[in-house]
Amino acid sequence: MIELDVRWKPRDFDLAVSFASPAKHLALFGPSGCGKTSLLLAVAGLRRPDAGRIRLGGELLFDSAVGLNVAAARRGLGVVFQDGRLFPHLRVRDNLLYGQYGKAASPALGLADVVELLGLTDLLARWPTTLSGGEARRVAIGRALLSRPRALLLDEPLVGLHREARSQVLAYLRRLRDEIALPTLLVSHQPDEVEALAEEVVLLDDGRVRRQLGVAEFAARRN
Amino acid sequence: AAASLKPALDEIVALPEAEAVAGIKTSYAASSALARQIEAGAPADVFVSADLEWMDWLQQRGHVAAATRFVLARNELVLVAPAPSTVQLTLDRHTDLRGALGDAPIALAEPGSVPAGKYAKAAFERLGLWPQIQTRYVATENVRAALALAARGEAPLAAVYRSDAVSEPKVRVVAAFPADSHPPIVYPAAALQQHDGAAAQRFLALLRSAPARAVLQRWGFRAAAAD
Amino acid sequence: MLTAAEATALAISLKVALLSILVALPFALALGLALSRLRFPGKSVLEALLNLPLVLPPVVTGYALLQLFGRHGTIGAWLAPLGLQFAFHWSGAVLAALVMSFPLLVISVRAGFDGVDRRLEAAAESLGAGAWRRFASVTLPLSLRSVLAGCVLAFARAFGEFGATISFVGSIPGETRTLSIAIWELLNQPGGEAGLGRLVWVALLVGIAASLLAALLARRSPGAEAAHD
Amino acid sequence: MLTAAEATALAISLKVALLSILVALPFALALGLALSRLRFPGKSVLEALLNLPLVLPPVVTGYALLQLFGRHGTIGAWLAPLGLQFAFHWSGAVLAALVMSFPLLVISVRAGFDGVDRRLEAAAESLGAGAWRRFASVTLPLSLRSVLAGCVLAFARAFGEFGATISFVGSIPGETRTLSIAIWELLNQPGGEAGLGRLVWVALLVGIAASLLAALLARRSPGAEAAHD
Amino acid sequence: MIELDVRWKPRDFDLAVSFASPAKHLALFGPSGCGKTSLLLAVAGLRRPDAGRIRLGGELLFDSAVGLNVAAARRGLGVVFQDGRLFPHLRVRDNLLYGQYGKAASPALGLADVVELLGLTDLLARWPTTLSGGEARRVAIGRALLSRPRALLLDEPLVGLHREARSQVLAYLRRLRDEIALPTLLVSHQPDEVEALAEEVVLLDDGRVRRQLGVAEFAARRN
């Protein structure tokens, strides 16, 4: 499903990651600063690697050897950013609908459903700056889902959510995974999230792949 | 036309006689600006300049219908002081300008480029007074601005046209420059090449008419259409 | 109240200022974006060239316009056969006002674009927005205040333009005689100061109207204000 | 090369433009902050008053300055006994340049302050920073680009000022005859355009230097640039 | 230690919280949007309540009845904001030192110690925009600690930190709590954090106090 070979070397850091996985649902797991977000942004087309290849679901998105770099806007990936990034000048409703512009309707992911499941009903007319941390997070998830993506890139999506909200959103994402088989690349520090959403886990450390393992093995090692 | 003619020309254009010359459009600015506009192809029919230089400049470049050129008006150069001032001066080579000025400067239109300033500088040079004020003058954008400095009491003396001086109650004419101390102050008018000759002729005729001359006179110019 | 001639001059000034902004804005936005986002050789020279109408006395700009857009001018000679003529025409006043106010617009717009959080543009991109939509729906709204500030400055400058206008297209009543020129003529006329106060009031009111309009437009998108607690 | 008179005129222009910015900047910062952060009655009127020198032909501003700061002016009459005199003095050229460029500075600065994330000011406050330190260490650096843009605009405008200057303090060689006035004089003379090119080049170079300096200063704090991935 | 009676009523929300607690280490716990951050900002002096009183460690900070409102800058509280708020124009080192300006030296909390314990040694010369999520979080904690606060206000301080980093920082905060007895107001969604750092817990829901209980009881109810 994903095939990735990425080099990125800013000052003070050296990312050199290469792996391939047939899994539709993959997680990146590793300590702070190991390169998870950089990798996710590279897949999204928002951080250009110095060199490498990225293939997702059979489509070649980036290949420095042939100078190929599909524009982020045409990759069709729904990204939940670690740092939120709601549009401050748009109300919650317009943030949610931003990614639907010019796209065909998707019955699986309608505004009403998403809004209800994420508990955003009362917030639709609000400005993002007035949202609490957890509320903003849920809007960011909703925005990514509603953009009718071909795959989801989730960078610590459930951070800042309280118990019930967290398990509810987790259950929802799991249902999406099972029902409409939306491929997922997940970054998370919470093993339970990884176990709930991923089939395979890539362990990263300091810009390198440490191990690649099935989620069962990941769970087993944890206990 | 030169901006200094505006009040008089506006009145002439409003005369009943002007109705015969339909659709007159006037544009006032510094003579230099107008001359350059004409040179650049501005669609004007008649040019009235505040001095000879710019008219000559245009004529050399072939823009002026030389046969139509005539002197529309003449003017005089005078020295004015703020109305409350009590200075007494006659202008000759013994005049003590410095004494009259005190520590303030004399106001002149820019003597290098603005007509009134050029005349004033020539006159002061001819009278041998220029060294006295060479470092003591303030140059203005046009003659009206020099007049304004005197009117507001900022400058104890200013060299301006009589036409300007008579219209400003806040100044007093102290002395007139001898007519031979500077080149004659004339406002030449002429039709321009390549434009509506008939309309230009009608307008020039209007400028020459007796009512027009009366207006010019009332505004302090010496009409010179007879030349 | 205004005399008919003054009302005409005011109308011309408003027309000239509004048109010059309308025409300048797309170019200023494009140029501002280029200056903010691209690096290219000669960029500082381009910026300085932009500022040239500010650094020079307006007469020079008027003279340069005459050389370029006069009937026999470098560009004017090409336009004349097409029936396009700026000299002595109100469109020339628009051109002069545009050139004089353009730097104010570009520099403000550019500072606004500089301040936009690029991560939000990246988010828009990830949501499928192409360059155009990103600009129209994220970059521009988020720099709205700077753009409006630039418009107010440019409008005021265009409305008040005098030196370049009179040098380029002169003062033709009903055509190129703007309020500024009318005021200048008053000031150069015996006893003209009397009528001055009234026209200055008019200009002040126009300035107030422009500021108010900009403030109103800025307030339409409260979310775009800087975040606060 | 420049003639001695031209070099003097250039030196005066530079002195006048730099001094006018230096004097104006603190006031512009204070006023920009007030306009950005406070709501008070008559705010739009104040903004419009600020823009007045833009909306009016420069001569009018020059005359108004003469009325106020001339020897017999409303304020000038008070200052004269203190030995302070603007009329016919280069400091009057500074005053004229200041008044003409002030709106550009204030409006740019204000747009910059508008854009600063207030939550960062709150963070500074929680870390013990009082109003002054907050302004100096957070607000100002974060709006540096807009402030610099305003400085470039204002400097260029002050450097190129002509109409208000000549109306207020006239042209006194070595004292108030700026480069702009020198250029204007050239253009007023038949055949003067020959010497024009050289002086325009000088102005262009000054413009380039100002843009470069601003770009350099802006680059000193790369972190203050808009965030990006 | 803390005595609080706060009303704040923006559109769509109604916060009316009143409690007092002798505990030096208090936690606010509750679902997303219940008002935790608002309360913490009110204590910090950054969100002015419509009415009420706030007393911390014997000092009255806010009292609408007498028009008292101690400026945030003079409250001497170290805040870790939920939304980070590093100064983007200052390098990490200058961010860390920002709060020390003009204050007396504190032997307990020196730059070297804090930097080492938070693992920031290699990051001192970096600009905040180049930090990873977890790195930025640790800088924010360090900045608050180094401002020599009289008390700490922590809004989800450990979000985005990976296992080891998280337990390390948690241990450090616990040590500070025990050694220099720095009073703490903690907001967290993670029960283990609450249990490790707080003595007492206030449960909030929808702008109201639901319960106030000791940490032992909190832990007991959880299991």
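By written order: A, B, C, D and E. Residues from 1 in each chain.
The rule we apply is simple: a residue touches a chain if its C-beta (ideal position, glycine included) is under 8 Å from a C-beta of that chain, and two chains touch if they have at least 3 such contacts.
The shown structure was predicted, so the numbers you read here are calculated from the model rather than taken from an experiment.
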Neighbouring chains common to chain B and chain D, by label: C
Smallest count of steps, each to a touching chain, taking chain B to chain E: 2
Chain hops separating chain E from chain C, counting only touching neighbours: 1
Of all other chains, the one whose Cα centre sits farthest from chain A: B
Label of the chain whose CA centroid is most distant from the centroid of chain C: E
Type of chain C:chain D copy interface by residue overlap (half), same or different: same
Winner on C-beta contact pairs when B-C is weighed against A-D: B-C
Cα-centroid distance, chain A relative to chain D, in whole angstrom: 50
Averaged-CA centre spacing for the pair chain E and chain D, given as whole angstrom: 45
Chain centre separation in whole Å, for chain D relative to chain C (CA means): 19
Multi-chain contact residues (two or more partners), chain E: 46, 83
Junction residues of chain C - those touching two or more other chains: 59, 63, 119, 122, 187, 227-229
Multi-chain contact residues (two or more partners), chain B: 36
Touching pairs among all chains present in the structure: A-C, A-D, A-E, B-C, B-D, C-D, C-E, D-E
Complex interface listing, chain C residues touching chain B: 59, 62-63, 66-67, 70-73, 76, 87-88, 166-176, 185, 187-191
Chain E - residues contacting chain D, complex: 44-46, 71-79, 81, 83, 85, 87-91, 98-99, 101-103, 127-129, 143-144, 147
Chain E contact footprint on chain D (complex, rising order): 119-120, 122-130, 133-134, 137-138, 141-142, 144, 221-224, 227-228
In the complex, chain C residues that touch chain E: 229
Chain A-facing residues of chain E, complex: 10, 12, 30-33, 37, 82-83, 122, 126, 130, 132-135, 137-138, 155-156, 159-166, 189
